[in-house]
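Below you'll find the structure I mean.
In this document, chain identifiers A, B, C, D, E and F correspond to the written order of the chains, with residue numbering beginning at 1 in each.
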Amino acid sequence: MGKLIDENGIRLDGRRWDELRPIKIEIGVIKNADGSAYIEFGKNKIIAAVYGPREAHPKHLALPDKAIVRCRYHMAPFSTEERKSPQPSRREIEISLVLRRAMESVIFLEEYPRSIIDVFVEVLQSDGGSRCASITAVSAALADSGISMKDLIVGCAVGKIDGQIVLDLNDLEDKEGEGDMPVAYMPNLDKIVLLQFDGIFSEEEFKKAIDLAILGNKKVYEILKKALIEKYFGTVDEK
Amino acid sequence: MSIKKSPIIENLRKMQMIELLSKEKRLDGRSLTDFRPITIKVGVIQKSNGSAEVSIGNTKVVAGVKIETGTPFPDTPNQGLLVVNAEFLPFSSALIEPGPPDEDAIEVSRVVDRGIRESQMIDLNALVIEPGKLVYCVFVDISILNMDGNIFDAAFLSAVSALLTTTFEKKIVKGDGEIEFQKCKLPTRCIPISVTSIIIGDNILIDPNEEEESVQDSRLTLTFNDEGNLCAGQKGGSMGISREQLFKIVELSKAKAEELRSFVKKVIENAQI
Amino acid sequence: MGKLIDENGIRLDGRRWDELRPIKIEIGVIKNADGSAYIEFGKNKIIAAVYGPREAHPKHLALPDKAIVRCRYHMAPFSTEERKSPQPSRREIEISLVLRRAMESVIFLEEYPRSIIDVFVEVLQSDGGSRCASITAVSAALADSGISMKDLIVGCAVGKIDGQIVLDLNDLEDKEGEGDMPVAYMPNLDKIVLLQFDGIFSEEEFKKAIDLAILGNKKVYEILKKALIEKYFGTVDEK
Amino acid sequence: MSIKKSPIIENLRKMQMIELLSKEKRLDGRSLTDFRPITIKVGVIQKSNGSAEVSIGNTKVVAGVKIETGTPFPDTPNQGLLVVNAEFLPFSSALIEPGPPDEDAIEVSRVVDRGIRESQMIDLNALVIEPGKLVYCVFVDISILNMDGNIFDAAFLSAVSALLTTTFEKKIVKGDGEIEFQKCKLPTRCIPISVTSIIIGDNILIDPNEEEESVQDSRLTLTFNDEGNLCAGQKGGSMGISREQLFKIVELSKAKAEELRSFVKKVIENAQI
Amino acid sequence: MSIKKSPIIENLRKMQMIELLSKEKRLDGRSLTDFRPITIKVGVIQKSNGSAEVSIGNTKVVAGVKIETGTPFPDTPNQGLLVVNAEFLPFSSALIEPGPPDEDAIEVSRVVDRGIRESQMIDLNALVIEPGKLVYCVFVDISILNMDGNIFDAAFLSAVSALLTTTFEKKIVKGDGEIEFQKCKLPTRCIPISVTSIIIGDNILIDPNEEEESVQDSRLTLTFNDEGNLCAGQKGGSMGISREQLFKIVELSKAKAEELRSFVKKVIENAQI
Amino acid sequence: MGKLIDENGIRLDGRRWDELRPIKIEIGVIKNADGSAYIEFGKNKIIAAVYGPREAHPKHLALPDKAIVRCRYHMAPFSTEERKSPQPSRREIEISLVLRRAMESVIFLEEYPRSIIDVFVEVLQSDGGSRCASITAVSAALADSGISMKDLIVGCAVGKIDGQIVLDLNDLEDKEGEGDMPVAYMPNLDKIVLLQFDGIFSEEEFKKAIDLAILGNKKVYEILKKALIEKYFGTVDEK
C-alpha cells in the first residue's frame, strides 16, 4: 500500500486509476475574441482565446503559402500557491512552444496564406495537467472561431504513482509521484500531437501509459464535443 | 497601445451617437448617468487569498489577492506593503499585443493603487510582523479579460471586492513564544469606490463603453471614500475640461459612488467569508 | 496650529497659503533641439526640449490625418535624495502619459499629418510639483519650436496641509500633507488639461482647490509670458 | 527563430530524399538507424570544472560545467542545485540572430535538464554544505557552435560527458573544526543517453541532419537511464504521430542508447580524470 | 546610434574644411590645437553630493555625484566603490532615441571610469566603513544635454569637477561607540584631465566639434595625471593611425592637459566648497 | 627584483620581456559560417566567424554606398574563473564596439553597398589579452570568407609589470601589473587600428610600449600568415 493509492486502489481524491477529475467546458467566454473557451479541469481554471486569421503584422513575418500560428501560454500571478511573477518563465515559454506545435498539426494552415492566428492562454488557477487542459481549451476556442481544422485536439496526462500507471494526475500526485506524461491527441485521426514526460518508465509502463492516455483523451473528447454541441445547437440541459 | 491608430468608428454611427446625446440618450439605450449591468463574483480563485470577477457590460476583469511576507520600506517600518499590478491580457482586445505592461496598464495599476491607498482602506499598520524587518505584503493582481470601456471602474471594483473577501494565515506569537497560524480577514476600514465619466461635447456620460470612449473629449475617474469625500482622481483624454463641467461630474459621481457602494456591500454580505 | 502652517498662516518656507515658490524660466537652452526651455520652480530644475514635427519613424506609427506626440519624462539619477536608478519607473511612465495627453490637447495636430512631435523632459533636480513645472517647461519649449498651438499650458499644484487648501506644495508639504493635486491649465481657453489628485478632499475643498489652482496657474502664465516675450522681443531687464 | 521562413530545400532534393527513404536509404548514405560519426573531447576548457566538445556530423557543441556555492530552494534544503542553460551561438547558423535565448534554446535547456534530473545522474544530496543554507550549484552551460540537425543529442552528450569528468574543490569541515578543500569528482550515478528520431512519412530516421529535419513530420527525443528505462521525452514537429510509430521509435532508440552509452563510457575511461 | 546613417555634411562644406585645414585653420576660426570656450559651473544640483555643468562650445553636459553605502567586492574588501554611468539625453541630438544606454554611452562611461580609476584620483581606501561589509559607493552620473562633438572631454571634465567639489556625511564611530555624522570632502589625490583629438588626413585637431568629427579618420582620447603621465587612452574612429601621428598627439595633448588642469584648479578654488 | 619578473629578467611563466605566449590558429572551424577561425593565444580559446556580406535586414539599416559591419564579442559562461552571466556585460559591449571599428578600418566597405557583414566572436576560455587574440581571429575569419580587405589585422597587448614594459601580458600579469595596453595593427599599412590602455605610463614608456606592441604584432602576423597559407595552399607540416 502506497501513500497515494490505498489498499482498495483509491487515490487520495477518491478516484480510481482510470478516472478523470471533473471537467467543465464553456464556449465563447471572451466577447472580443474571434473564438474562446473556458475550461475547469480539476482545480485548473483556464481561458483560451483566438484572434485571427488576421493580417500578419509586422508583414515580414508573413509566409506566402500558409498561416503563422503564435501562441502565448501565461499564468496569472494569483494562479499558483506562491505568487507568480508576471514575467514569462522558461516553463511558460516552453509550453507556449509545444502548444503552438500541436495547433500547427491540426489547423489547415494553407487555407490562410499571409495570415497570423494568435492563440492566447491564461491560466487563472493552476493544478496538475494544466498544459493538457489548456490544449483542450485552445482546441475549443479554435472551433469556436471557425478556423478550419483537421480534427479537434484534446489533452490529458497520465502518470506513475506508487508504481502504478494512472490517469490524470492532480497537483499532489504530480509532485509526489514517480512520473508525469502529458499527452494531447487527435481522436479522429488517432494521432498523438503532444508528448512530454519525465520520471522513470520501463518500456512496458510507457506503452501502458500511452494507451491509458489515449483512453482518457477519448473521454475528454466526449466532454468537449458535448460542450460544442450545447453551444451551437443547444440542449435539453440548462448550462 | 496608445499611439496606435484607434479603430475607425464609422462616421455615421458617431453622428448618430451625438444626435442621440443631444436628446440625452445613448446608443445602447441607457440614460447618460446609468451604469451598465454589473456583476461581481467573489471567491472565484480558491488558490488566492481573495478574488473577484467583475463584469460591467461586456467589460470583464478578475482580481486576485496574494498575501506574502516581505521587508518593509525603510521609511515606513511599521506598515505592511501594498502592490497593485494590472495586465491587459492579450485576448482582451484585438488591439493588445503581448508584452510587459505598457503605459495604459501602468496607469490602471497606479490609479487603482492610489484609490485604495489614499482611502486608507487597508489597515497597513496591522500588517506588521516584526517592525522594520518583516511585514505582510498585499499583492493585488488585476487581469483584464475583455475590454469594452471603463476599465478603471471594473478594475477598481474587482480589487476592492477581492480585498474585502481576503483572508490569510496570520502568524501569532503567543506569550510562551509558541507560534500559531490563525486564519484572519484582511483588516479593512472602508469601501472606496471609483466612478468614471467621459465628456463628449457638452454631455457627461457615466460608465462609457468602448465605442463611446473612442470619441471622448475627456475622461475623469474619481474615487470616493465612505464619507463621500474624494480620495483620488485622474483625468484622461486629450481635451480640456471646464471648471463647471468638472464640478458637475463631481456631484454626479458622488451620488453614483453611493449606489455602487451599497451594491458592493450586499455582494460581500452574501458572500459570507 | 499645525505643523506645516504657523499661527500667522505662514508656511515653513515662509509663504502664505496662496503664494507660489520662486519661478525662473529660460527659453532656448538646448542648441540642437527645435525648441527648448529650462525652468526652476522652487528647487525643481527641469529641461524640456522638442524635436519635430519630423517624419514618423518607423513609418507604421504615422497617422494619415495628424501628428503623433511622443513624450518622455525622465529623472536624472542625481535628481532625488536617494540616487534614482536610470531605468524609467512606473511613476515616470505615468507622468510621460499625462504630459503627452496635455500636449495633445493644445497642439494643432491636424496641421502635421504623418509626423511625430517628440517631447523630452529631464528633471535635473526634483521637488514637489515637478510634473506641473515640467508641463510649463514643455509648453515653453513648444512655443520656442514654433509648433502651432491653441493656447499655452501652465501647471501648478494645490494641496491640503494642516487641513487647509494651499497653493503649490513643496517636497516636505507634499510628503507630510494630506493631499496633493497637480493641475495644468490653458489660460486663454480656460480649460483644465491635466488633473490628478490623491488625499482626502471634501466636495467643498475640492472646488476650492480647483479655483486656487486656476488662480495659481494664471500667475505662472504671467511668468511664462514674460519669459517668452523677453526671449523673442527683448526687454529692459538684463536676463 | 521558429516562426522564420525555413530555408527552402529545392523540391528536387526533397523528392530524391523521399525516394531514397522508400529504399531505406538517406542522402548521406547512412541507413535509417545510423548515427553520423560522433567525436567527444573532454577537458577542453581548463578553467571550467568539467567540459566536453561533441560533434555529431557537422553539428558541434561545447558544454562547460561550473560548480559554485549557493542557497538551496526552500522546499529542497538537502539538495544541491542543477542549472542547465543552452545558447545557440549566433555563428552556429545563418538563421540565428544574437539575443536572449529564444524558445528553441529554452527547449534544449529544459529537455537536457529533465533528462539529467530525472535519471538522477547527479547525486544532489551529496552537494550540501549546510542544509537549508549553503549547497553546491552545478551550472551546465551549453554553447551550440554549429548547427546541422539533432542539436538535442549533441547537447545532451556534451552535458553528460562534461558532468562525468567534472571535479571540484570540496570544502571539508574536519572534526576539529578545521576547514580543508579537497579535489573531488562530481558524484554521478548513471549515464543517461538521449536519442532523437524524426518521422518522414512512414520512415523513422535516427539522428537527423538539418536537411532531413527541414522536411520532418515529427521529432521525438527519448532519454534512457542505465537500466534501459525511459526517463524523459519530448515530441517536436508539427504533425501527429501514431501509437505504433511511437512504440517502434521507443524500441529503436533504446537499442541506440545502449550503443551510445558504451561509447561514452570508453571516452570517459580513456580520459582518466 | 553608431550604425545609423551619419548626417550628410554637404560636400562643399567638407571640401572647404579640408582646404582650410591645409592652412592649419578650422571653419570656426580656431587654430588646430585650440579648445573652444569652456565653462564649468559647480554646485548646480544641490540635492547631489557634488555636481558640475560643463560646456565646451555648444557641447553641454552635467554630472552629479551621489554617495551611498554598499557592499564591497569580495576581492577588494578594503575599498569603496566607484560607479560611472553616462546617458545621452534624448534631446541632446536629433539622432538619439530614448532607451537603455547604447554602445556609445557605455564607451563614454567606461572611458571616464578608467581615467578616474587609473589616475587614482579618489582614495577608495578611505571610503571603508567596515572592511568587507560596508563601504561608501561613489556614483558619478553624467547626463549629456547637448551634443556638438568632444563628448569625452566634456564628460570627463564634468565628472572630475563634480568629484572635486563633493562632500558627504561621513559616519564616525567614536571611542565610546557613539555614532556621529560629519560633513567631509571626498578624499581626492589628483586632477586627471582627458584631451581628445581627431585626425583628418595629416592634420591633428584638438577638441573636435560635431561637424569635424563627422569627417574624422581617427579619434584619440588620452588622460593624464598631475605628473603628466598617461593613465588611460582610447582610440576611436574607423581608420588606422601611424606611430608618428600617435606620438605627436601625445605631446600635444600633454601640454593641453596642463592648461586645462590649471583652469579646473582655478574654478574649484573659486568655488570654495 | 619584482614579484612578476625575477633577477634574470624571466617572467613567472618563463618568458622574457619580449616573448609572446604560444599561439595556435586554425582556419575554417565553423562549417555554416562564410568564414571562421579558432585561436589559442596563451590560455585564450576563441572562435570568430563571419556571415556576409548579406542583405541588410531590417532594410532601413542598409547604407546606399557601403556595407555595415556588426560585431558581437561574447564570453561563454564557463570561460572565466567565476561563471559569467550569459547577458552581455558593459565590457563585452565596449569590446564589440572597438572590434567593429577595427574591422571597418580594414574592409573595403564600398565594395558591398546595402549589405551587412556580421562578425561574431565567442570566447570559450579567457586569459589576458583576449581582445587582441579576438581581433586576430576575426581577421583570419574575414580572410577565410573572401571579403576584400586592405590588409590583415593582428592584435597583441603590451603592458607594464614591475616597472618594466613587456610584451603580451597573461591574466596574472594583467591583474597584478601596473598597466595594460591592447594594440591592433595593420602590418602592411603600418597603422594602429585599435589602441586602449589603462595604468600609468610616462611619455617615454608609452612610446616604448607602442614600439614593442608593433614588434609583437609583426610576430603574430607571421603566425597568422602561416596558418592561412597552410589552410589554402597546404604545407609540409602536419597540422
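Just so we're on the same page, a residue touches a chain if its C-beta (ideal position, glycine included) is under 8 Å from a C-beta of that chain, and two chains touch if they have at least 3 such contacts.
Keep in mind that what you see is a predicted model, and the values were worked out from it rather than measured.
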{"item": "Least hop count linking chain A to chain E through chains in contact", "value": "3"}
{"item": "Chains in simultaneous contact with chain B and chain C", "value": "none"}
{"item": "Per Cα centroids, the chain farthest from chain E", "value": "A"}
{"item": "Centre-to-centre distance between chain F and chain C (centres being mean Cα positions), rounded to whole Å", "value": "52"}
{"item": "Where chain B and chain F are represented by their mean Cα positions, the distance between them in whole Å", "value": "58"}
{"item": "Interchain centroid distance [CA atoms averaged], chain D/chain F, Å", "value": "32"}
{"item": "Inter-centroid spacing, chain F versus chain E (mean Cα positions, whole Å)", "value": "27"}
{"item": "Interface hub residues of chain A, defined as touching at least two other chains", "value": "none"}
{"item": "Touch-based graph of the chains, sorted into line, ring, star, complete or other", "value": "ring"}
{"item": "Ring of chains, enumerated from chain B in the sense that reaches chain C first", "value": "B, C, E, F, D, A"}
{"item": "Partner chain A, residues of chain B touching it in the complex", "value": "44-48, 51, 58, 60, 62, 64-66, 68, 85, 87, 89-94, 98, 100-101, 139, 141, 143, 145-148"}
{"item": "Chain C residues touching chain E - in the complex, by the definition given at the top", "value": "30-33, 36, 43, 45, 47, 49, 51, 54, 72, 74, 76-83, 86-87, 118, 120, 122, 124-126"}
{"item": "Chain A to chain D touching residues, read off their complex", "value": "61, 63, 68, 70, 90-91, 93-94, 96-98, 100-101, 104-105, 181, 186, 189-203, 206-207, 210-211, 214"}
{"item": "Chain F partner contacts - residues on chain E that touch it in the complex", "value": "2-3, 5, 103-104, 106-107, 109-110, 114, 117-118, 220, 225, 228-243, 246-247, 250-251, 254"}
